[in-house]
Amino acid sequence: MADEMDEMMEGGEIKKLMYMTRTAPYGTVYALEALEVVLIGAAFEQDVCMVFADDGLFQLKKGQNTEATGMKNFSPTYRALEMYDVEKLYVEKESMDARGMTEDDFIVDVEVKTSDELTSMMEDMDIVLNF
Amino acid sequence: MADEMDEMMEGGEIKKLMYMTRTAPYGTVYALEALEVVLIGAAFEQDVCMVFADDGLFQLKKGQNTEATGMKNFSPTYRALEMYDVEKLYVEKESMDARGMTEDDFIVDVEVKTSDELTSMMEDMDIVLNF
Amino acid sequence: MKFSIAVHEGPYTHEASDTAYQFVTAALEKGHEIFRVFFYHDGVNNGTRLSTPPQDDRNVIKRWSELAEKHGLDLVVCVAAAQRRGIADADEAKRNGKDADNIAPGFRISGLGQLIEACIQSDRHLTFGD
Amino acid sequence: MKFSIAVHEGPYTHEASDTAYQFVTAALEKGHEIFRVFFYHDGVNNGTRLSTPPQDDRNVIKRWSELAEKHGLDLVVCVAAAQRRGIADADEAKRNGKDADNIAPGFRISGLGQLIEACIQSDRHLTFGD
Amino acid sequence: MLHTINKSPYTKNSLDTCLRMAKEGSAILLIEDGVYAALTGSEITSTVETAMKKHTFYALSADLEARGIQDRVIDGIKVVDYAGFVDLAAENSGVQSWL
Amino acid sequence: MLHTINKSPYTKNSLDTCLRMAKEGSAILLIEDGVYAALTGSEITSTVETAMKKHTFYALSADLEARGIQDRVIDGIKVVDYAGFVDLAAENSGVQSWL
C-alpha cells in the first residue's frame, strides 16, 4: 500500500467520488470486490460516499452466517468503514421498500434517500464508480 | 472428435435431450458456446430439440452484421443445424410476442410453441441442458 | 444414483462452483456416484493452479483437486472453452505454442462430447452457472 | 481529454472487453489520452498469454497487447483480483510459490490504488462490465 | 421435475420464466441469490405465495443463512440443506437448472 | 451526465434503475445487450418512449447491427458509432456506467 499512500500525498484537489453498488453478496463476487475498492480508496482521502441500491441493500443485512456455504462472511467489514472515514452510506428508499426491509435490518447506520435525492447527489459527483 | 464418435457408437438407448437457451448473442458468450454444444452433441444421435426462450430468441434474428464490433457472426451456423439433424427448433410464443417479433424475423424455420406446450415437452425429456 | 454436474462460472466470481462443490460432497456422503464434473464457459477457470486466494477465504481450486484425489472424481475442463480463456495443460500448451501451462492437479482437458456423454450416462444432470 | 477505463469481465465471456477496446481505439483516434485501463473482477482474465482463440475469431488479448505497444497504454491488472483467479507475472508467481506465470505482454500487475488514482487523474472514467 | 432457481427475482427474470414453464405439482428449489424470492413482506412475496398453490417451494438453508434471511422465509417454504438438495434431485424425475 | 446501459431490459433491471435515478435532461446511451431497449413494437417500447420525453436516447450502431435490429429502432433514438460514443462521454459532465 505504500506506493498508493505516496500517490495520495501528491494529489491536490479533493474530488467527490460515489461508489454505487447494486448486487447481492455471495451469489457473485462484485459486492466483496467493490468493498475492497472502497477500503483501498479511503487512503486517497477524497470526499466519498457509498450508495446501496437494488440488491446491493442485501449486503448490509444483519445476521449473515456463511459457515454452511464455506464462503467468507465479509459483512462485519462494513462496520469498519467508519474507521476508514467512509461515513456517508446511503440506501435507496425505493429499493428498500420493494424488498420489505427497514433501517433496523442493516448492520450499520445508513441514511435512507429517495431516488430523487440520489439523482441530485449523483449529478454533484466528480466520479461515480459502479460495481 | 474421433473419441467422441467412438463413445457415441457404444451408446444403447436413445435419450430425449432438450437444449434450453435464454440469452442474447454477443453481449455474453453463452449463446455461442451453447451452439457449440449442440453441434458436438449431434454426433451422439440422441433425440434432441432446442428451445429459444426469453432473450434466446434474439440469437435467430435475421440480418446480424458484427463487422463493426469486431466479433464473429455465428448466426449462419443456425442454418447448418439441419445438416446435423438438429431439426426441432422451438421458439416460445410469449417471449416472441413480448419482443415484438414474428416468425419472419428468424434466420431459420422454427416452430412457435406456447409456454404451456413447452411445459409438456419439458416433462417428457430425459435431460434438459441450460445455457 | 449416478449424477453428472456442469459448472459454468469461474471461481470466486460466482457461487456456482461453491454450490456444485457442496452438492457433490453431499451426494458422495450419501453414497451416490458422481460420473463427471464438466467445467464449461468460465467454469474452465476453476482448473488453474495459479490461483492464490486470500488466506482467510476458501481455496476453491485446491478443494476441487483434493476432492478429486480422495474420491477419484473425473474433473473435465472443456478444451474449446479453455483455449479461449487461457487454461492449458502441458499437451495443449505445446500444441498451441505456449511457453507455460496452468492446469491444476486432478483436472483434465477434453472435448464437449464428454458433457453430452455424461448427461446420457447419468441418472441426473445438474448445471450450476449464471 | 483524459480518459480512464475499467474492464470488469473476462475475454469472450462478455462483450465488455470488446466495447472497451473499441472505445479506447476510437478515443485515441480522436486524439484523446487514455490515462489507464484497469482490469478488475474477471477483467483480469484479459491479461493471460495462454489464450488461443479460434482462428476465425478476434484475439481479444493479443489486440490489447498490440494496442498497448503501439500507443504506450498502461494496462493494469488488479493484484488482488488476479491472485484469486490465477493471473500472475514472474514476480507474483515467485512470491506465491507458483511454478509458472501467464501474464500477457503489455499488462502489469498492481494494486487497487491504481484504479482510484486513474479516476482522480482523469477527466472521465468509464466502466465496462456485467 | 425439480426446478432450481439461483437468481434474485429483483434482478433477473429466471423465476418468472420458470413459473411460466414449470408443470403444476413441480418442486422449485431456491438456491444462491434465488433465495431472496423466499423473503416475506417483499413486493415479490405475493407472486411466490400464488405460485405455492401450484408448486412445492424449497430454499437452501446454507444460502438463506449466508444472507441473514433464514428468519424471514415465507410460511410453507421448506428449508433444506445440501443433503436435502441431493435428495430432491434424486427423488424427482429430472432437474431443470434455470440460469 | 451520460448514462450507459448495457443490459437487455427483458433480462435485467438496469434500465429501470437508471430511469429512476437519471436527472431530467440526461443522455442515455444503449450499448451491448442494452440496445434491445431500442426495439420498436416490443413490450418495452412504451417505457422507452415515455422516458424519451425526459432524456435524450442514443444507441450504439455496432451493437444494433451485430444484433440485426438497426432497422427496428424507435424513432427519435439517435444512432452513434464508437467515435460518437467518445464524443458523448467527452461532451457530458461525467459518465455513469450502469451495470
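Going in written order, the chains are labelled A, B, C, D, E and F, and every chain counts its residues from 1.
Operating definition for what follows: a residue touches a chain if its C-beta (ideal position, glycine included) is under 8 Å from a C-beta of that chain, and two chains touch if they have at least 3 such contacts.
Just so we're clear, the structure is a prediction, and the values are computed from it rather than from any experiment.
Asker: Would you kindly count the fewest steps from chain C to chain E, each step being a jump to a chain that touches the current one?
Answerer: So the least number of steps between the two chains is 1.
Asker: What's the overlap between the neighbours of chain B and those of chain D?
Answerer: C, F
Asker: At the chain C/chain D interface, shared numbers over all numbers used: above half (same) or below half (different)?
Answerer: Same-residue interface.
Asker: Among all other chains, pick the one whose mean CA position is farthest from the mean CA position of chain D.
Answerer: E
Asker: If you average the CA atoms of chain A and of chain D, how many Å lie between those two points?
Answerer: Result: the chain centres lie 24 Å from each other.
Asker: Could you grab the centroid distance between chain A and chain C? Build each centroid from C-alpha atoms only and quote it in angstrom.
Answerer: Distance between chain centres, rounded to whole Å: 33 Å.
Asker: What is the distance, in whole Å, between the centres of chain B and chain E, each centre taken as the mean of its C-alpha atoms?
Answerer: 26
Asker: Any chance you could list the residues of chain E touching two or more other chains?
Answerer: Expected reply: 6, 10-11, 13, 32-33, 62-63, 81-82, 94-95, 97, 99.
Asker: At which residue positions does chain A touch at least two other chains?
Answerer: Within chain A, the residues that touch at least two other chains are 26-29, 54, 69, 71, 127, 130-131.
Asker: Spell out, as numbers or ranges, the residues of chain C touching 2 or more other chains.
Answerer: In chain C, residues 8, 12-13, 15, 22, 41, 54, 80, 84, 125, 127, 129-130 touch at least two other chains, as defined above.
Asker: Any two chains that touch count here, so list every such pair.
Answerer: All touching pairs, sorted by chain label, are A-C, A-D, A-E, A-F, B-C, B-D, B-E, B-F, C-D, C-E, D-F, E-F.
Asker: Considering only the defined contacts, which chain F positions touch chain B in the complex?
Answerer: 6-8, 10-11, 32-33, 36, 39-43, 45, 61-63, 65-71, 81-82
Asker: Which residues of chain E touch chain C in the complex?
Answerer: Against chain C, the touching part of chain E is residues 4, 6, 31-33, 62-63, 81-83, 85-87, 89-90, 94-95, 97, 99.
Asker: Of all residues in chain D, which touch chain F in the complex?
Answerer: Touch list, chain D to chain F: 1, 3, 8, 15-16, 19, 22-23, 25-27, 29-30, 32, 123-130.
Asker: Touching chain A in the complex: which residues of chain C?
Answerer: 12-15, 18, 21-22, 54, 56-58, 130
Asker: Under the touch definition given earlier, write down the residues of chain B that touch chain C in their complex.
Answerer: Touching chain C from chain B are residues 1, 3-4, 7-8, 11, 15, 17, 29-30, 33, 36-37, 40-41, 43-44, 46, 127, 129-131.
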